[in-house]
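Chain nomenclature is as follows: A, B, C, D, E and F, assigned in order of appearance, with residue numbering initiated at 1 for each chain independently.
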Amino acid sequence: MEIVLSAAIGILAASGVWLLLRPRTFQVIVGLCLLSYAVNLFIFAMGRLMVGVPPIMPRGGFIDPTAYADPLPQALVLTAIVIGFAATALFLVVLIAARGLTGNDHVDGKEPEA
Amino acid sequence: MIEENLLLILVALPFAAALATSTMSPRAHDAAAWVSGLFLAAGGVVLALLHGAIGAGQVVRGQIGWVPALGLDLSFRMDGFVWLFVSLIFGIGSLVLIYARYYLSKTDPVPRFYAFLMAFTGAMVGVVLSGNILMLVVFWELTSILSFLLIGYWHQGQAARDGARMALIVTGAGGLCLLLAMILLGQIVGSHDLDRVLASGDLVRAHPLYPLVLGLFLIGCFTKSAQMPFHFWLPGAMAAPTPVSAFLHSATMVKAGVFLLVRFSPVLGQTDLWFHLVTGTGMATLVLGAFLAIFRHDLKGLLAYSTISHLGLITALAGIGSDGAILAAIFHLLNHAVFKASLFMAAGIIDHETGTRDMRRLGGLRHAMPVTASLAIVASAAMAGVPLLNGFLSKEMFFAAAADWNNGSWLDNALPYWAVLAGAFSVAYSLRFIASVFFGPVATDLPRSPHEPPALMRRPVEALVLICLLVGILPGLTLGPVLHLAAVSVLGPDLPYTDIALWHGLTLPLAMSCVALVAGVGLHALFHAAIARGPEGPPLLHRLRAQKLFERTMFLLTWTLPRLGLRLFGTERLQPQLRLIVLLALAAAAVPLWGVLAPAADPLSVPLNPAFAAMWAAGAACALGAAALAKYHRFAAVILLGGAGAVTCLTFAWLSAPDLAVTQLLVEIVTTVLLLLGLRWLPKRREEIAADRLLPARLRRARDFVIAGTVGIGLAAVAHVMMTWPLIPNVGDWFLRNAYHEGGGTNVVNVILVDFRAFDTFGEITVLAIVGITVFALLRRFRPAPESTTRTEEEAGLRDPTLAHALLVPSVIMRWMFPVLIVLAAILFFRGHDLPGGGFSAGVTVSIAILLQYLGHDLRWVEARLTVLPIRWMGVGLLIAGGTGLGAFVFGHPFLTAHARYVDLPLIGQVPAATALIFDAGVFALVLGVTVLMLIALAHQSLRIARLRERDRAAQKEREAA
Amino acid sequence: MSAPESLPWWIAAPVAAFLLLGSTLTLLGAVGLVRLKSFYDRLHAPALGTSWGAAAILIASLLSWSWLQDRVFIHELVIGICVMATTPVTMMLLGRAALHRDRQDAPPPPRDPAQD
Amino acid sequence: MTPLLAFALTYAQFALALAACLAALRILLGPRAQDRVLALEALYVATMLLFIVTGMRMGTPFLFEAALVIAVAGFVSTVSAAKFLLRGEVIE
Amino acid sequence: MIPAPEHLIIAPILIPFFAGALMLIYDDRQRRAKLAISLVSAFATLVCALELLSRAKAQGPGGAEAGLYRLGDWVAPWGIVLVNDRLSALMLVLTGLLALPALVYAAAGWHRQGPHFHSLFQFLLMGLNGAFLTGDLFNLFVFFELLLAASYGLLLHGGGQLRVRAGLHYIAVNLTGSALFLIGVSLIYGASGTLNMAQLAGLVPDLPEGRRALFQAGAALMGLAFLIKAGIWPLSFWLPTAYMASAAPVAAIFAIMTKVGVYVILRLSFLLFGAGAGASAGFGAPVLIAGGMATILFGVIGILAAQGLGRIAAHLVLVSSGTILTAAGVVLAGADGAILAAALFYLLNSTLATSALFLLIEPMSREEGGIAGLLALTADAYGLDEREEEAAPGAGLAIPGTLTVLGLSFGACALALAGLPPLAGFLGKLGMLQGLLAAGPASAALHWIFAALLLGAGLATLIGLVRVGVQSFWAADAPPPRVLALEIAPVVALIGLMVLLSLKAAPVLGYMQQTARALVPPQSVVVPAVAPVTAPEVAP
Amino acid sequence: MTRLFPHPLLTLALTLMWLMLTRFSLGHLLLGAAVAILAGLAFARLEPEPPRLRAIWPLIRLAAVVSVDILRSNWAVARRMLHDGGRCPRRSGFVAIPLRLRDPVALALLALVVAATPGTAWIEYDPATGVLVLHVFDLHDAETLRAEIRARYESRLLEAFG
């Protein structure tokens, strides 16, 4: 599982970064989305992998932490998801506005010369 | 005690004057002059009061603390030398004041001038009086700044602006060097107190940093005193009003440099290095300055070069450093101030009365202004070193020092010859000044008809010339004792009294003077006609002017090169910036990890499930596909992104994070819709960009491909290693143990979010709110690209009219889903604390429900039925969340302290009643508001465009009708 | 936590059968999605997954959970109903969009070729 | 556990994952936009079923929520995509 | 009077929060009410910050009993704590000092240029204050995002092509930075198992090699994210355009935005990589030094090559943060803490001065017509929702002697920024120079280079500013522009602050020295926040 | 009462849904009912008029028929997927069916049925003419199909909704 997940993180990150370096605003936003998936999974991976043991416990009593997934990275990912969503939305609107004002969808607002 | 206060008053007086004058009305000429004069007179009184103590050989000190941590204190000290210099400043200052009163035009904002002038005086006094070497630099820089303002006083002229700027830059830069020198000196000595520094000469000279300190110090002094090769700012500064020149460029500012040389010669002097640097520079300046002065046609230009030359003389004396030389330096410092100030004033009068300063146009002025003529003649005779005048005495002493001193170096041997040569030059330019202005044929084509200036304007000149005569004739009686006092305070108390007398007998210096006088007259007689015809500068060399050179260098250094540098080292394009960030991130991670990162010996691992791998095959395909297609097939990229997102969600679920899966999924949906909403405003992608096929583009892509691949591999490697390492005890365990008892919930993630780390959530919802209002604000001013608006028109034409009914059947189902989604949201909300879900998920779900209605119908249909005031929702949500947090204050707990317990309600049973639930309600309201706001604000653009088009069409019709 | 291990064979067998059926159908649908040549044909493929494919799996889930939790566990019904209710919306819109776009691209619309 | 059930679960997981793969392949291949949307829908359904099967296999009921969310809300993204294809805008 | 003194620490976060949230409920047309709320909030925040400062000062020199606030009543490291020590209190006060003038300036008309200006502004304050106060790494991320989000909004405030284009770059760069931040935080968590800064500091010395490497990689990535925000070369190309494009009051408050990055670098470097950090001690110092000096150089180039005052001001921001970063690096590498104290003093002054300069730009370069003309210029052709444009803007008291006041203010800013006496800029530089050269000839070559750069940057600033000043004050023939008292008062106030800073340099510098002393031996900063993680509290 | 329960059936169904998704308990019944009422009220904003449902029985019969049809067509289509072509080549095509049904809710139900049975796909419905265009995966005889749809589904829906 670990190898698959890390490969997945790698591929998502690579696609994201590649798009991030492209000249079109739309490519950049898709890249940011992909990158944020990769980052979320990465944070998540920091809590190690647990299959079938959600961080939800029976009521009452103490439990053995090792039998449960580390909840903190999950909480962090949740926050990161929300913030990433907000950022994506904002970037989208800005890119649309930039497109409207500059007339093209290049990240610099103007087509490169030559 | 009284003296201490007097000292402080003395420094404060000019600044007080500046403050007073600066607040005056621009038309209050006389008042400003009077106030300044009164303050200066008061200064004179103070000086007189201090004379007693000074005359007794005392050093008066006064101190106010400022920043003791930096060794920076407003400490002042006054000895004989300083007293003399301060008297000079005040004296010449008063005369300049009177002069300026008549010189400056009524239309100028004169109080400002006085304010600057007084502030400058204060700064100058500060330089001289400072008993702290750092404070000295402070005042030093102040003089630079104020001189900038004074030179640029007539800022309407380009020359004044350039001159002011150049003066500021040169002297300011010198000041910075001086600052460094002083810091180092302070550290070598261990104190910034001037007295201690002056007493530590041996320590300083033995220090390995001595050459550096000396170099920096000398740069500071030389720039200020306009020594070669920094002399060029002074002629440029002649664009200043004449009173400024008379004050700054004869008596004060330029003298600050030589003052420091003299002052510090006991500390830094008496070494070969000092001698060669200082005397060498001084002599070069002396000779070259005098030589160049001969060729100037501009009166003030001639005086400026003459000043440079005389400053060189003093510098050379300071470099020689013998007792006699220092005495001569101090003496000449005074003498030069006196005669040069009077000459500047005279030049100003001439300029004022005739309207020109060009010697080639002037002539025969002795008829029109006989008094001024005689005054100027006497003063220039002093400048030339004619006997019976003060200039002669100090020059004689200089010759003596030049001839006397013998350390055997070539420079020393050459000194007398150079001195005589310079003397001859100075006679020549003085003669030229007199002859061409006052003698010869009467000039006819002058801008104004000359006559004598107002009497009061002439008074200062008269006073100065009188001093020239008095000192020249009766040196021992007038200046002798004071001079001795000054010299003692520089050289130490055991200095024998030197009698300055007019006649020492037939000595070598006298002979040298005679030679210089004769040679000078000869030079003038031979060349004056040729010079008048020639260019402004020596033959051949006049094109090579330091000023031009400096300007060109400055232009290169401060404009051309920086522009080039900005192009080379900076970019405003986004791609290189992001590439740099990515590359640096790679480096930042690689450097610590290189060679250290290794899989654990006993790796943790979860057995592989082939289905999981297959899922990620799909996910990877989606991700790569999105990367490949985002350029030409945006729609496909959005869909692929959705695919990758779905797989990510599944991964979260698979790996025991149902909360994440739910949230990610909901966010995913909204993001997709947002992207689709945005897609409409992007330009239609042209099929292919031709340049993309070219080699450079391919190379760029290849490079980015490598970068992206490396990032991917690196991140994957780090993630893999981390995942296979055993988990260390971390704070997560505690959460697991305590979530139920302390947080009152079984869903630890949610308990963390709304209780343990509710503050994160609190911040996060604020982020959402901010983004919401930003989107709103931005879209209020949205302006679509022209072709996006026309496009809809085309499509509208293409649309099958029956398509308006296309949504009839689907919309029914969409409406039905509305309550279902609401119930789902409620479920997610209420079970959040115990099971996956929570306010965020619930908010997004409701907004999806609303969005669905927008999808199934049109904006107006929905908005006629559902009123969503997103911004209100946001505000209320934030207030609820914040208010819940504040509620804890009432019970004396910190912000966001949650209270949770299960309440037993009759009939219903145990009900979780956590304040976190209220907090979550706030989150819910906010998320709902924000999500709806973003979606709807974007969607509304279409409507706006439609309305706009209608308006345009109506306008068009009106126009056609008209 | 209870796990599928505790299921007796007489529940496990139908559960297994339903699972096999459902997943196979869904897989077949996906195969069809890839193999079929025209878009309109492909439009039918996912229906396999959304109708009996989903239903079978949901029934399997329902059976096993109902046993495991000792009471009737009918979450799945809600999912089933929702899937049934929502998939047509996409399909309808997609079909219509395809038709619309085909008409735009090729003016003679493929209207009722079957009526000949 | 009966080996039959174990096999069925593994098989179901793999079959569904494969189905998702095939759907992803269709998204990639296109050729037209509607194909991609259709395939995304299929991918969503496969994912949802996979949630349920995985939940069964692991014995946790918590994945169910995610399945429910896909079932109830997942179609929104495909619907909006379809509407985009149909009308050129998502909301009018 | 403070009703609940124990809650004072969180007040600088909550006051702006509630003000911002409250204003969302108000209709956008009630600008006067919003302005009033905004001003009151900013003022109250400043008062709280001052009180916090005096509390921080009252703490011992080591800051052993640093002010702690446990959010949700959870003990660190499980809960989030806010930490008020000298450094954070200082930054809070600085924020407050910048916020009020910027708001007053905005009241002259800028706040009418788009909806919800005041809410965004308050949220920015909240984010800034939160970032300065928090003692938790992830919470820091949240507040960073908060202040960034608000800054996006403010940067875009007013719209227009230039802003939107700059905003696009700004957002893209910062989002990338946020991704780095997240990766860094999670690496640190993975390697150490905690997010609490103080606990982390306690764990760092004993980290085994592999984990240490991961921890350092995480810290490096996170540091990169901060350095982007601090504007270090070569990650600062977004900054000049963004700062230049933003509206004047926004740029004025942005003057502190880079300082947030600097602040975090200072805080974390000395906490995690200070002398007590074992094998990690001094980590990152070479990068800070090299990068900081490159930033100064780049800023200097930018200042000289700039054509407008806006660009100069933006590059001055770079010079300022480069200077502090280099100083931090030098101290981290083992130099005297006095340099840091002086650098903090310099920070205070340069931030105030750049802020004032940003406020000056617009009145100085304004053509005829004042703010009214400006509004007309940017009024949207597509303004279908006209209700936001109020009638007759630009009303207000115009000041007499415009040029004199503007010129004096400009001159003061120029002096302060160039580091010329007698304003405080000189004192900061002097302090740094003294610290750098303290070791005499034994000082590393690096110190000499830094000293030379410091002076050179000052000179270049002088040249650049004088060039612009001469152009706009001396070479201009146009009649003086109409400047409202509301626009110039904030500038004068800021300059007044600088003067005050110069006059009261001794106590301020003393404070800075205490701050530096608390930073440089890091163990003492937040010690009480540490609780052993291995022995968790067990609830009854 | 109608103000509180504009859509009683819906409210009931939603309460049931709540109970299914949570636990059967009195508390959940009350909470669920409350949420359901709220949701029903929200729905009433969109659709003030409840659907004109005359009889339920035909709908139940329809459900029975449809479930059988779904099984059948599933089998048919699945087979076709596996061996496409083969003995008798598959022909797919469009079928236009003029409908008498006008009620949107009924049409929606018909759409559900059509979509749920693999092998038929709803392509287009024109409210002006009342013509429904289906795409059929394996079309043998358009006329039979038309008749089948009319008889099996439409008539029952007509009974239920009029």
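Note that in this section a contact is a pair of C-beta atoms (placed from the backbone, for glycine too) under 8 Å apart; a residue touches a chain by one contact, two chains touch by 3 or more.
Computed from a prediction, not measured in an experiment: that's the story for all the values here.
Looking at the partners of subunit A and subunit E together, the chains they share are B.
Note on connectivity: the fewest steps through touching chains from subunit C to subunit E is 2. For subunit D, the chain with the farthest CA centroid is B. A comparison of C-alpha centroids places E closest to the centre of the full protein.
Greatest centre-to-centre distance from subunit C is found for B, with centres as Cα means. Set side by side, A-B and B-C show the greater C-beta contact count at A-B. Taking each chain's centre as the mean of its C-alpha atoms, subunit C lies 15 Å from subunit F. Computed from the mean C-alpha positions, the centre of subunit A lies at a distance of 30 Å from the centre of subunit C. Once the centre of each chain is set as its mean CA position, subunit A and subunit D turn out to be 20 Å apart. Subunit B and subunit F have Cα centroids lying 74 Å from one another.
Annotation for subunit A: residues touching 2 or more other chains are 20, 25, 28, 42, 46, 51-54, 56, 72-73, 79, 83, 86-87, 90, 94-95, 97, 101, 107-108. Multi-chain contact residues, meaning those touching two or more other chains, occur in subunit C at positions 1, 29, 31, 43, 45, 50, 75, 78, 82, 85-89, 91-93, 96, 98, 100. Counting only residues that touch two or more partner chains, subunit F has 17, 21, 111-112, 122, 124. Partner subunit C is touched in their complex by these residues of subunit F: 17, 20-21, 70-71, 74, 77-78, 81-82, 84, 92-96, 111-112, 114-124, 133, 135-137, 139, 142. Looking at the complex, you find that subunit B touches subunit D at residues 609-615, 617-619, 621-622, 625, 633, 635-636, 638-640, 642-643, 646-647, 649-650, 653-654, 656, 658, 661-662, 665-666, 668-669, 672-673, 676-677, 679-680, 791-792, 795, 799, 803, 806-807, 810, 814, 817, 820-821, 824, 828, 835-837, 841, 845, 848, 851-852, 854-855, 858-859, 935-936, 939, 942-943. Residues 1-31, 33-34, 37-38, 40-42, 44-63, 65, 68-75, 77-79, 81-90, 92-97, 99-101, 103-105, 107-108, 112 of subunit A are the ones that touch subunit B when the two sit in their complex.
Subunit D contributes residues 10, 13-14, 16-18, 20-21, 23-25, 27-28, 30, 33, 36-37, 39-40, 43-44, 47, 50-51, 54-55, 60, 62-63, 65-66, 68-70, 72-74, 76-77, 79-81, 83-92 to its touches with subunit B in the complex.
Subunit B makes touch with subunit E in their complex at residues 65-72, 112, 134, 137-139, 141-142, 145, 148, 152, 155-156, 158, 161, 164-165, 168-169, 172-173, 176, 179-180, 183-184, 186-188, 207-209, 554, 557-559, 561-563, 565-566, 569-572, 574, 576-578, 580-582, 584-585, 588-589, 591-593, 596-598, 715, 718, 721-722, 725, 728-735, 737-738, 741-742, 755-760, 763-764, 766-767, 769-771, 773-774, 776-778, 780-783, 871-872, 874-876, 878-879, 882, 885-886, 888-889, 893-898, 944, 947-948.
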